[in-house]
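Given below, in the form of structure tokens, are the structures.
Each of the next two complexes has chain A plus one more chain, namely chain B in the first and chain C in the second.
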Partner chain A sequence: MLAFITRRLLLLIFVLFGVSVLLFGILMTFSPERRAATYVTSPQQAKDIPKIIKQFGLDDPFYIQYFRWMKEVLKGNMGWSLVASRPVGEAFWNYFPVTLEMNLFAAPIVIIFGIWLGTLSGIHRDTWIDHTTRILAIVGWSLPTFLFALVLLMIFYGYFQLFSPGVLSDQLTMFIIDNPETFTRFTGMYTIDGILNGRFDITLNALAHLVLPVSTYVIVVVALNMRVMRSGMIEELSKDYVMTAQAKGADKKTIYIKHARRNALLPVVTVAGQLVALSMEGSIAVEVVYNRHGIGWWLAESAVQLDMPVLMCICLFMGVVFVITNLTLDILYAYIDPRIRLN
Partner chain B sequence: MSEPATPLLEIKDLHTRFHTLDGTVNAVDGVDFDVYQGETLGLVGESGCGKSVTALSILQLLRCPPAEIQGRILFEGNNLLDLDREGIRKIRGNEISMIFQEPMTSLNPVLRIGEQIAEAAKIHKRMTRQEAWRWAVEMLRMVQIPGPGSRSKQYPHKFSGGMRQRAMIAMALSCNPRLILADEPSTALDVTIQAQIMSLMQKLKEEFNSAIVLITHDLGIIAEMVSRVVVMYAGKVVEEAPVKELFKDPRHPYTQGLLGSIPVIGRKEQTGRRLQEIPGIVPSPMETPLGCRFHPRCHKVMNRCQEQEPPMIHLAEHRRVSCLLEA
Partner chain C sequence: MTEIKEDNVCQPREPLSASRFRRNWAKLRRNKAALVGAVLILMYVLSALLAPVLFTGNPSAPNLINSLETPTLKNPLGTDELGRSILGRIIYGSRISLLIAVGVVSVGIVLGIPLGLVSGYYGGKIDFSIQRVTDTLLAFPGFLLALALVAVLGVGFKNTVISIGISMVPMYIRLVRGCVLSVREEDYVEAARAVGTRDVIILIRHILPNVMVPITVQTSLSMGMAILFAAGLGFLGIGVQPPTPEWGTMLGSARSYLFHAPHVATFPGIAIFLAVLSFNLLGDGLRDALDPRFKI
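Moving on, here comes the complex of A and B:
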């Protein structure tokens, strides 16, 4: 087990190397002038571009620039983020809790709801229950996320004045900025910090701000999970061992829950794991529409402004997330399916 | 062998139909036979002649497409077809249990063997988890699995085909049922294992005093295991006879054909052919031939076989044949 985990974590080094080389290569296709221009803030400075290129060595060969970047990264210096106006490493820990907070709420709902609806749909195949859940899932899955987010925002905020965008109301945000000594930011997640500081009004306010983003994300993503669960359930219920269980006199509930569902869960674990990993990049559309400054929003802004250190940082982060997710999934598999053994 | 007067299981005029998109399929079309306490009855026929559907109809295990079962299935005098879902569930695995053909797929891959055997005892005998597990280990010992204690904790993939079938037998016997429906229990196993499984079933049947309906197309197994044989063709019973009489004096041309297709050393010298096969295949249940269903393949076919459905002719007790040659 330990050997397995160690081997997988060693693999992480290669993955990160590959990801960084690939992305660095893509960013190098921009001309040195274009990359230098990101440092220019006014038209008067435009004449400084050749100087900037020379100073930062932007016209050096690819590998020299890459190793220069790598040396700094290994020293723990990820560079300066123009979007955040602070070092990338520091900015990351600022944005990450916002994304993580949304996922802490969204991921369990996506997984539990997907499994529940999928099981229900699979058991009651071709009845109105099945049709309803499937239609809802298809609608959610096929609507563009940004459109769906905008519609929800228009209805609930625009019309009913409920659930404003952002992370926290302006009033409370100002309070936190003005009183750093009475409100400690332990985790950076307001729902949790509110409880830790005994300020339940902040927790509630943060929760209210989470309603729409979490709903949007859940409705858009749950469909995939549900459909995998549904088809798994239908397939497992047609297998011979189900008839064996019936012939033993097992009732429906035992057959569905104890026999079929455990087998049907195997493919769902894969899908759910990938969904959770993917959502760590913060569902860009959700964060942009609801104005939540998390990883997704940061990524979108940085891509527009060609904030290269940020793009590199987020891609490396996603590499780490995917490797660790797959590792967790493999361990989980070995736990659920007795036929799979690690090593 | 003296048999008690009332049969354990009486099947009367059983019809099982499937309504499919392509039309109605009469898989079982007016079958009747009796099973007595403690006996082994053989149900013989080619693939697709309705043997398995008959067995599945008894426990109402037919799922998809929706089956329509008509007739009467009297088990100890009660019609199983009158029972509601809960009533039949209490019979399944408890009074009547089933052994399936495919031991490789008939066990749940993610549950321990012991758990799967213990399940029936937990459901029907209201045993606690520990009691049921101990009982499962005991059952594994009875079906001669070495090291039953540690084996019960394993998952099915660690078991060979023969061992899985033993586990299936243990499962079927765990509530001491009155009747066991064994649907080709040895077909998927290799020959040496087949013999072991069969003698094990024979031995346990006597120990538990259960009756067995043995469904097979292997006449070798029939000769060894059963006391009475019902021969089915295209959803109907064509002949019934005590096993010795059937082998000595088969009356129906189909039975004769089945017996002729057993390889016998030295037959070539007698008849000039190694094997006497029956030409053609079982007709699809959707387009059964008019008259006698066997007539297109029968080597003794007469003109009236094509129009007239043969009546069932009772020759003696448990000796009947459905053929116009006897009429």
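Moving on, here comes the complex of A and C:
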């Protein structure tokens, strides 16, 4: 096991290095002049471009610039964000809680709902329950996140005037900005900060703003989880030990829950990495449509305005999160299923 | 998104024959969902091919007097903010979306299959370097990679295809490599090598046919994903640019009129959804018909 983890950790360093080189390489496809132009704010300064190139060493060889950049990144300096008009590192911590909050609410629902539906579908294979869940799954799978988000917004906000977009109502946002001394932003997540400050109306308001984003998320992401769980259940239920348990007179519930579901949960661990990827992709669309200023919104906005430091920061961040998630899952899987370690 | 398990997928199969084809075809035909998918795809292909017949006039020419009309006999799906027929734009949009899908999987196949074959067959240092590059690319969720690439390459049809195509390459490499590894040690490959067949011939004649089934399935699913990604980029405003009728771009500009002219967003949305759905249904059906060992 230790050898396995060591090997995977070494590979992780390799991949992280590759990710940073790739990102930097993408940036370096711009000419030094174009990169220097980001420092220019007025047309009069245009003649300073050669000076800027020299000052920041923008025409140095790739590896020198890469190491210079890496040194700054490791020190926590990610550059200046045009979209947020503040340093990228500082802006990141401003946007991150919004995305984290949404994921904290959505993840348990996705996991529990997916496992429950998948189990149900697998047990009642080829009945109407199975067909309904499967149709739901393939629809959720094919439905673009931004489209589903728009549809929900159109119905619930446009028609019923419920669940407005944003993170918090304007009134409460103004209150928080005006009274920084009475409302401390401990976590940056309004639902939690509301409780910590004893302002339950803020928590409730923030929760109401989370209803549509979290629903969108769950419907779009749950399909994968459910499909894997379903096929896992079907496979496990066809195995000999299930027949043995039946022959010994175990009741159905015991067979389903204690025997089959436990084994069927294994493959779900392997797709958890894909779930994380899906939720990253999903957060872009959800935050853009519901006007929640989180990481996904920031990324989309930066891609439109070509805010390169932000693009690199978020890609680096998401890449690192994704790689570490996959590593954790690999180790977890090797721990649960010893056969993996031998390969 | 949908990844195919590498193990046991590409064991040597019975040779291609008419009876095998008939059996698989019968299986596919019994799968109603796949059939629905195939029919829908056919519809999209036909509307792309017959676009000038189905809709006369220029789908991009503005006609401001008629802007944001609700559906009428003349404009069955209504008009958008510039008074252009939404039906016409959806019909012409199927050309763009299908072309993107075909372009993307071509990039994936052209780069992914050879790299996967070489990586799996030769092993060693070549395999190691190709796999580490693949690891690096796989470290990003697909849409994120496409988004970052398109931001750097610039917007437009060509760059959309290249960006999404590159984000699909690692998936093909992994798929092909896994298959190659499982058939590399088979007797017939050994025999071919023993009689001195060149590596290129072995790869193409003996190994590639074993990879075709998972590639076919993956291609159908990838086309759905390509349409989804392209629409996503278009929606964010960094995909195919207006006035070209691209579904995602149409949806993106319809956002501003979401509440007082919901039909402008609804119909392109349905077009995207059905296109993605049909490729996914067909892909699932193909998987069930061609290889019962696929589980997910």
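Note that in this section the second predicted complex is superposed on the first by the 274 of 343 C-alpha atoms of A that agree within 3 Å, B and C clash if a C-alpha of one lies under 4 Å from a C-alpha of the other, contacts with A are read in each partner's own complex, and residues count from 1 in each chain.
One rule holds in what follows: contacts are C-beta pairs under 8 Å (C-beta built on N, C-alpha and C of every residue); 3 or more make two chains touch, one makes a residue touch a chain.
Note that the structure is predicted; figures quoted are calculated from it, not measured.
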Please determine whether it is chain B or chain C that touches the greater number of chain A residues. C
By the touch definition at the top of the document, which applies to A:Ile129: first (chain B), second (chain C), both, or neither? neither
In the overlay, answer first, second, both or neither for which of chain B and chain C A:Leu104 touches. neither
Between chain B and chain C, whom does A:Ala285 touch in the aligned arrangement: first, second, both, or neither? second
For A:Tyr241, decide between first (touching chain B), second (touching chain C), both and neither. first
Counting only touches as set out at the top, which of chain B and chain C does A:Met318 meet: first, second, both, neither? second
Touch list for chain B against partner chain A, complex: 59, 61, 63-64, 89-94, 97-98, 100, 102, 105-111, 116, 119-120, 123-124, 155, 157, 168, 171
Considering only the defined contacts, which chain A positions touch chain C in the complex? 11, 14-16, 18-19, 21-23, 26-27, 29-30, 138-139, 141-147, 150-151, 153-154, 157-158, 224, 227-228, 231, 235, 274, 276-278, 280-281, 284-285, 288-289, 299-300, 302-304, 306, 311, 315, 318-319, 322-323
Going by the contact rule set out above, which residues of chain C touch chain A in the complex? 1, 3, 33, 132-133, 135-137, 139-144, 147-152, 224, 228, 231-232, 235-238, 251, 255, 258-259, 262, 265-266, 269, 272-273, 276-277, 280-281, 284, 295-296
Looking at the complex, which residues from chain A come into contact with chain B? 238-241, 243-251, 254, 258-259, 262-263, 336-339
